[in-house]
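As structure tokens, here come the structures.
Next, two complexes with chain A in common: one pairs it with chain B, the other with chain C.
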Partner chain A sequence: AMLTRTSRLVSGARRARHGEQHEGLHYNIPLQDMRTLFPHSLPPRFSMQVKTFSEACLMVRKPALELLHYLKNTNFAHPAVRYVLYGEKGTGKTLSLCHVIHFCAKQDWLILHVPDAHLWVKSCRSLLPSTYNKQRLDQPAEASIWLKNFKTTNERFLSQIKVQEKYVWNKRESTEKGSPLGEVVEQGIMRVKNATDAVGVVLRELKGQSSLGGFRLLVAVDGVNALWGKTTLKREDKSLVAPEELALVHNLRKMVKNDWHGGTIVLTLSQTGSLFKPRKAYLPQELLGKEGFDALDPFIPILVSNYSPKEFESCIQYYLENSWLQHEKAHTEEGKKELLFLSNANPGQLERLCAHL
Partner chain B sequence: MAAPAVKAARGWPVLALGVRNRLLRFPGLTQVRGSRYGPEYKDPQVDKEYYRKPLAELTEEEKYEWELRKTQHIKAAPASKTSSVFEDPVISKFTNMIMKGGNKVLARSLMAQTLEAVKRKQFEKYHAASAEERASIERNPYTIFHQALKNCEPVIGLVPILRGGHFYQVPVPLADRRRRFLAMKWMITECREKKHRRVLMPEKLSHELLEAFHNQGPVIKKKHDMHKMAEANRALAHYRWW
Partner chain C sequence: MAAATLPAWLALQPAARTLRAFCTAVSPATRSAIPSPRTAGRTSRYERPLRRKALPPRTEKMTVDLDWPSVYPVAAPFKPSAVPLPVRMGYPVKRGVPMAKEGNLELLKIPNFLHLTPVAIKKHCEALKDFCTEWPAALDSDEKCEKHFPIEIDTADYVSAGPSIRNPKARVVTLRVKLSSLNLDDHAKKKLIKLVGERYCKTTDVLTIRTDRCPLKRQNYDYAIYLLTVLYHESWKTEEWEKEKTEADMEEYIWKNSPSEKNILETLLQIEAAEKNLEVNKEELLGTKEVEDYKKCVVSLKNEGDNEETLSQYKESVKKLLQLM
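Coming up: the complex of A and B.
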């Protein structure tokens, strides 16, 4: 049966108050927010869709609603709770994470978003021995990209937060105690060699200061199973690099531990970019391995599944409203039944099917 | 139907019931192209609506046809023919022509990416255009595809005819299926040969399809060249005897 109301939320003011009755509807994110919150960190097919429709619409779904409910009722005096979004390929884990990030940004939290942790453990062109710790390796390219994105997302916090210690970068440059965090970020962006150490400094400062209560911290990592898997990086003598030996991974692991309070940690598992994991693996135990599961234990798992019939209908309605489904048979009941059968209500597959119809 | 091509081979093929073998007079030759089915074999009915009609509603003619089909031999439906609502015979034929080495998966994905590319380009134009122009911009990739191929079909073609020891290019009216084949063949050849090494096939194909839709581009030029050659060789039209 067709939905009698349109598949869009009418007013944007209700953004902060998504409830059960909004399930299945799409809500619009203004493009300006998209540029600040997600510079180069959306999944490629979704960013193509945003470009084509010139609007970004996310569907409000149960896993995201559940997460938002938990976030609204968090007690910031307790240690940070870890939520892990897991599910099969194409069910919408990354976009649920984006929904949560947008919500927290509207509530003025500080967002620490790692768009894809798998990018840090594979195909890195430049690996330098770390300046801080001789056993570890630096990744200047990835670190500087991340710092640039961090700066775009959290402009206003960079001047508010003050550094608690003095950091010496090299013989000529150092950051004094009490100077704003923006200086550390600038240092990392300008001196690419110190970028990884700058990232480490930023993470340590934020972890220490979120407990003081000046701001609330959201740590959002996509593809967190990369931190405990294997890498495909090799040193010059062709010996394999373990993830612990990468400074970025080491610092991020410390961030994801729940020994701080004043914020939350939302994580996503992903098989798509993972290394040496079977294609059908989607459960936390399978993707994280023993080491990762023990490190993340205890966490709250949230399953993201395929579309329910109502959500499927709403998605088709959204595509029809944007005239994305151009095939004349796609409007009919037969066409919809066939799309349901071919995609099995999987959001990723449905998107790929509707692209060429 | 044209005479089936034959290839010299050893060993007799095992004859199934109803399969004719005209080549009994040519021992040692195996039939390669052309249908193995006899004339009594009918085409399969893939339409779902035909089977959904309850028996009570059928007219006398349809009941007769239903009973008749129960007694007739029916050919096996090919794997590429589905009862899907989204199936298009032109698209299937084009996909088969793009296919190389039997890699239908790759050919289908290229076709899907081409249609998607056409759609996205048209959406870009639509959003950039003003309100009056929007009505004239076509966004359906299937209509664009069909119209582009129709625009590329030549009306008249050239056939080499042997007269007095020399082959002359004689202008000849083409059958529908030959025109459709030529349009698709020219499109694919042009996209394969005239593209840069780094440009992907869907991108190039979508570009050529859009140009052909607007009656511009190299494939339309090829069609016009064919027409001009036919016009130039008008005097040889008498060599045609059909």
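Coming up: the complex of A and C.
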């Protein structure tokens, strides 16, 4: 079909200047960037799509545009502002977060990305008592995975940032004051036992130093409601572990508090991985609970909703261009109406439906 | 037709054979022709019990404007032949419909109120009017009734045909009162609601006390009044241990000394520190219009729960507060 208006933005360097007029268009992220920025963190269906089309295209949508607008006008001397993306299942919160992360990466911010906080509070094989604080518990496996990914994303900063204190790991190894942060990360990756403490150190250093202004810090956490919910982890004596007893969770909670400046915190709420929450819950108070809300207050809630008609049209065009929709009726008006009705303009549902066609 | 209405026993007489033939010719819904073995011997004719033909159901003769209370004057089981409605009831088999009303046990099992149609009730009311007194003319609106008689007592009397006139259900007494008509201050009202628990309805502001622990209605009524008096007096008193009320006990969200207040104060102090305004008063910070706005939004968010409106108001107030635009 001849398309008079392509659904793609062919912008290269103009990526930073997404504005209102670009709403509904797709833009391309080069695969090189994908590997550095998102080594582990895309939703599984989206990464399958990326592989199939051999290109990563995100749609520019209102919530992301709003966030970018705020980010451009942030005052970095003020304490970090927290933005919470919330919405029903499948509306595009994680991908909006990815859009924001990509934008910040292009602007040379340091990205601290936790792809899914729910992974840290459930199904952990190895729980060790913490070496740093006896009452807390370590998760070496998750911590080391995160450190590896952090290294991939922020290679160039690791040599620039210097630690400000001396950290002693054990009798033989220690990191001196003034050595680059990369050493701490290496230490954590090599000595898996110290991985959780390494994560704690990294977070603390970044928080302290971003206020000095050497770099801008973006803290992006997906599924932040896991930090204040319940866990399914048990100790050897089968007693339940509360989230604050996990060292990773404790440090991350400190990170999303707004007592530092020089950056921003963007969070998403997610019911999909959450424990003990009803399936239809998507509002902030329902998912965060009283504790979470009090901890994150004041924050800016941003609703991510289903596709508007223009966005829906654009998404269908994108699939058609990539010859993803093979059904002969897919590009007719009736076909589109049927798809709209079946998916109710929900991006996740639409993607699943189109996968069958 | 005379032939059709002849009782069956007449047909026994041999002379009526011609009449029977006449019957079969005239009315189609005749009894089945008894086969010729009848002629064999007289004895068989007397032994075999003769059956009357099933008459057409009563519903076919019913007109639209008949007097229904005379069909069902009292509570009676469902008679499919007497109810002209095409009711169906039952779980359908696959690709089928629920069972029809003829011979339907489900319709028999359930209670029916065919004897209490509005027409029937009107007739009952007309009959009972002779025993009633006039409604006082001064109480012509609900508000006046509320004002002069805030407490409502519900009792039920039961009459049934049986060996005894007693019915244990008759001793139940329900007392209903609106809390707005009682003289309660804020603390007393909260304490009363906590004391009664389930018996208070928030939407209609009605306290319902249902008593049936005494054997007589009079005793239950006295007990209910006593309960109301005790609740009222107790809720006005303040005990020693009430000072230990924690945040988890609070019915609604109070802004003062809440974590939200502390957060916002810290944030604002940090903002001021960044702007290099060192000498800032805490009260001043908390007294600004933006903070007032924010406070209202947080309180409404916590008390009413999340919905689009409260969330968007909260968002606007936070944006103004943190000077984002």
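The rule is short, and it goes like this: the second predicted complex is superposed on the first by the 353 of 357 C-alpha atoms of A that agree within 3 Å, B and C clash if a C-alpha of one lies under 4 Å from a C-alpha of the other, contacts with A are read in each partner's own complex, and residues count from 1 in each chain.
Definition applied: contacts are C-beta pairs under 8 Å (C-beta built on N, C-alpha and C of every residue); 3 or more make two chains touch, one makes a residue touch a chain.
Everything numeric in this text was worked out from a predicted model, so none of it was measured.
Visitor: Report clash or fit for the pair chain B and chain C bound to chain A in the combined superposed model.
Guide: On the shared chain A, the partners fit.
Visitor: Taking the superposition on A as described, I'd like to know which of chain B and chain C A:S54 touches: first, second, both or neither.
Guide: A:S54 sits against chain B, while chain C stays out of touch.
Visitor: With the two structures laid over each other on chain A, which partner does A:M34 touch: chain B (first), chain C (second), both, or neither?
Guide: So A:M34 meets neither chain B nor chain C here.
Visitor: When the two structures are laid over each other on chain A, which of chain B and chain C touches more residues of chain A?
Guide: Greater contact footprint in residues on chain A: C.
Visitor: Which partner does A:H356 reach: the first (chain B), the second (chain C), both, or neither?
Guide: first
Visitor: Once the structures are superposed on A, label A:L65 by its partner contacts, choosing first (chain B), second (chain C), both or neither.
Guide: After superposing on A, A:L65 lies clear of both chain B and chain C.
Visitor: Answer with first, second, both or neither: which of chain B and chain C does A:S323 touch in the superposed model?
Guide: First partner only, chain B.
Visitor: May I ask you to decide whether A:T332 touches chain B, chain C, both, or neither, giving the answer as first, second, both or neither?
Guide: first
Visitor: If we overlay the two complexes on their shared chain A, which of chain B and chain C does A:L203 touch? Say first, second, both or neither.
Guide: neither
Visitor: Based on the superposed arrangement, let me know which partner A:D297 touches: chain B (first), chain C (second), both, or neither?
Guide: The second partner, chain C, only.
Visitor: Chain B and chain C, closest CA-CA distance after overlay, in Å?
Guide: Scanning every C-alpha pair, the shortest chain B to chain C distance is 8 Å.
Visitor: With the touch criterion stated at the top, can you tell me which chain A residues are shared between the chain B interface and the chain C interface?
Guide: none
Visitor: Which part of chain A faces chain B closely enough to touch in the complex?
Guide: These residues of chain A touch chain B: 48, 52-54, 323, 326-330, 332, 334-335, 338, 355-357.
Visitor: Quick one: which bits of chain B touch chain A in the complex? Just the residue numbers, please.
Guide: Listed in rising order, the residues of chain B that touch chain A are 84-86, 111-113, 115-116, 119-120, 123-124, 127, 139-142.
Visitor: Please output the residues of chain A touching chain C within their complex, sorted ascending.
Guide: 70, 73-75, 77-79, 81, 258-259, 261, 283-286, 294-295, 297-303
Visitor: Which part of chain C faces chain A closely enough to touch in the complex?
Guide: For chain C paired with chain A, touching residues are 258-260, 263-264, 266-267, 270-271, 274-275, 294, 298, 301-302, 305-308, 311, 314-315, 318-319, 321-325.
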